[in-house]
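Just dropping this structure here.
Chain naming follows the written order as A, B and C, and within any one chain the residues start at number 1.
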Amino acid sequence: MTEETENDKESLFDAPPIAEQERMVEAMLFATSEPLTLKEMEDRMPHGCDAAEAMAHLRKRYDGRGVRVVKVGDAWAIRTAPDLGFLMEKETVETRKLSRAAVETLAIIAYHQPVTRAEIEEIRGVSVSRGTVDQLLEMEWIRFGRRKMTPGRPVTFVVTQTFLDHFGLESARDLPGLKELRAAGLLESRPPPGTMPQMGEGDQDADEESTEGQSELFED
Amino acid sequence: MTEETENDKESLFDAPPIAEQERMVEAMLFATSEPLTLKEMEDRMPHGCDAAEAMAHLRKRYDGRGVRVVKVGDAWAIRTAPDLGFLMEKETVETRKLSRAAVETLAIIAYHQPVTRAEIEEIRGVSVSRGTVDQLLEMEWIRFGRRKMTPGRPVTFVVTQTFLDHFGLESARDLPGLKELRAAGLLESRPPPGTMPQMGEGDQDADEESTEGQSELFED
Amino acid sequence: MAEDDFQDLDDSRVTPVADRMAAEALIVDIDGFEGPLDLLLTLGRTQKVDLRKISVLQLAQQYLAFVERAKQLRIELAADYLVMAAWLAFLKSRLLLPPDPEEDGPSGEEMAAHLAFQLERLQAMREHAARLMARDQLGRDFFARGLPEDVTRVKRVTYTATLLDLMQGYARLRTRDEFRPYAMDREAIFTMEQALDRMRPLIGFAGTWTDISTYLPEGFTTDPARRRSATASTFAASLELVKEGRIEIRQADTFAPIEVRRKD
């Protein structure tokens, strides 16, 4: 509380001291189960606050504790340390078991995003059932991304913040083994030479731009 | 972490070091949806843990933080520090059009200031509700002027600088006069036939407001 | 490459019993496969080599044999399995026959390489799907706040008005008591004659295309009934002026603004 007196000497309209701002982001993150963006936090904090700096302090403070401050996409959340999961048997939520098709489709979207349905079908070699995509959309693990600038302007799928939160990923860049896959050329979308039997709707044109899309993902 | 080394000297089958126990109660209090008693915590923790001691440590750690460890009955919970309650509010602002009664009252004050409530009522032909005046006062578009030197010394109303700023006027004298209003075609505009206000139009304001939404709908 | 493939082909002719049984099992389990690519991947695994070094020719051979046996067992195969079979047969011929200089299109090697790539990619995605699902998961291994405190939404309403609202409000009050003789209420009517009278002197100024709605008289623009009347008569008057050769009229699209211009 020493900061308060320090502050009183300064203008009334100054932002609160950083220690106080840290308390604020701490309180907000504890109060919600959803990740909060810096903007959402700043909107609720007094004028002139720097949520990013407060977050940096807070994150350090919770290093090694029973709960951790984690980054989820461009938002922040507090989550229990994974090694203490055994204490939370009562809190464990039974998740619907995903079908093999759904798991594969999810992985393809995560690693290849933004990706069209046709591209998913190209990779899996079978058509993607509506139910599979619907289930992933309903779980809010995937959402529609930008349309591809190719004939037909097909919609693309990308993974969501909920997905990142669920799997404890800071961003899609942190997907396990992503670098190796990329190095092996397995994330490239190679147009099939000539007359390859097309599985999905067969829009080869979608492939042309997909390499560009891939880089998009890793920019933010 | 000093406890850890102390503890290591003891048997392998001893309870985890107190720092570890503190992490455990922290994670449990964070993740459970209900306050936990010491017994409930110990039931979940490895054999030999002392939840009371771990709680004492945790409580101290959260002293002065954005959240606090509080006792709820005979159980424990983490709660936002009371001084940060303001962060748990999210303000949304909605802009609405001023009611007809308020607009008319305001217009009379602007054109006739300083004006008493009785004078306003005489011009409008209906009594002015307290709410209307209060609303305009609260918006800081009108304020009390000098008392009139007439029997009863009634208060008067005048428009404020805020009013002038809002309407882009230098002074209330810049308001267009009756002649100009007529030239601008504004004096022609009468309520459409049928809804022509008859005598005793005291309830006109209410009608106006309730149909407002509809006419808006049909206008364009 | 071609040498090796011939070798592989020879191998596959003397299929060990165990492999044959495995193939039979595959057929019975046909429903368990997620399409031809999945089946190819499973067949490919029996070669027990790195997918990048897989013999596509041998794989094609295995697949075709599989389809053949399925047919003998009268197992209904989905169309895409047969499409793949036809394509693999084509690929096989390309790989076995010396390249025909007359024929264009991709070489057998290119096609084989792409199939190998597809298999490797599918395999990689499966492995990574498994790695993803093996991660610590929210609600299973780590947990969110169990007792969230609701953020109360405070709704603040602000009121606003425009100068026009103010003036109209005042005008309404000041004109209410004015004497108004009883008459058939034609107030909301703007006749074509009135519109013509209004437009004739104004039209001389319309050197550029002007929306006819700008010719609506004062007081006829806000109230819907009055605006309808004035719009109709102004439009009729415009047509009249076109007929007289005084103006030109145009409309870019259905429901687009109707515009007029002085005819010089």
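Here is the rule we use: a residue touches a chain if its C-beta (ideal position, glycine included) is under 8 Å from a C-beta of that chain, and two chains touch if they have at least 3 such contacts.
If you're wondering where the values come from, they're calculated on a predicted model, not measured in any experiment.
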### Task
Counting only chain pairs that touch, give me the topology of the graph as line, ring, star, complete or other.
complete
### Query
By C-alpha centroids, what is the most central chain here?
A
### Task
Going by C-alpha centroids, which chain is farthest from subunit B? Tell me that one.
C
### Task
Could you tell me the distance, in whole angstrom, between the mean C-alpha positions of subunit B and subunit C?
42
## Note on the structure
Distance in whole angstrom between the CA centres of subunit A and subunit C is 23
### Message
Centroid from C-alpha atoms only, then distance subunit A to subunit B, rounded to Å. What do you get?
### Response
33
### Task
For subunit B, jot down the residues that touch at least 2 other chains.
27, 30-33, 78, 80, 88-90
#### Entry: In subunit C, residues with contacts to at least two other chains
143-146, 149, 151
### Query
Which residues of subunit B touch subunit A in the complex?
22-28, 30-33, 44-45, 64-67, 78, 80-81, 84, 87-90
### Task
Over in the complex, which subunit C residues touch subunit A? Could you list them?
34-38, 80, 83-84, 86-87, 90, 105-106, 110-111, 114, 117-118, 120-122, 124-129, 131-133, 135-146, 148-149, 151
### Task
Using the touch rule from the top, collect the residues of subunit B that touch subunit C in their complex.
27, 30-34, 77-80, 88-98, 100, 102-104, 106-108, 110-111, 123-125, 135, 139, 166-169, 175-176, 178, 181, 184-193, 197, 215, 218-219
### Query
Within the complex, which stretch of subunit C touches subunit B?
143-147, 149-163, 165-176, 185, 187-188, 217-219, 222-226
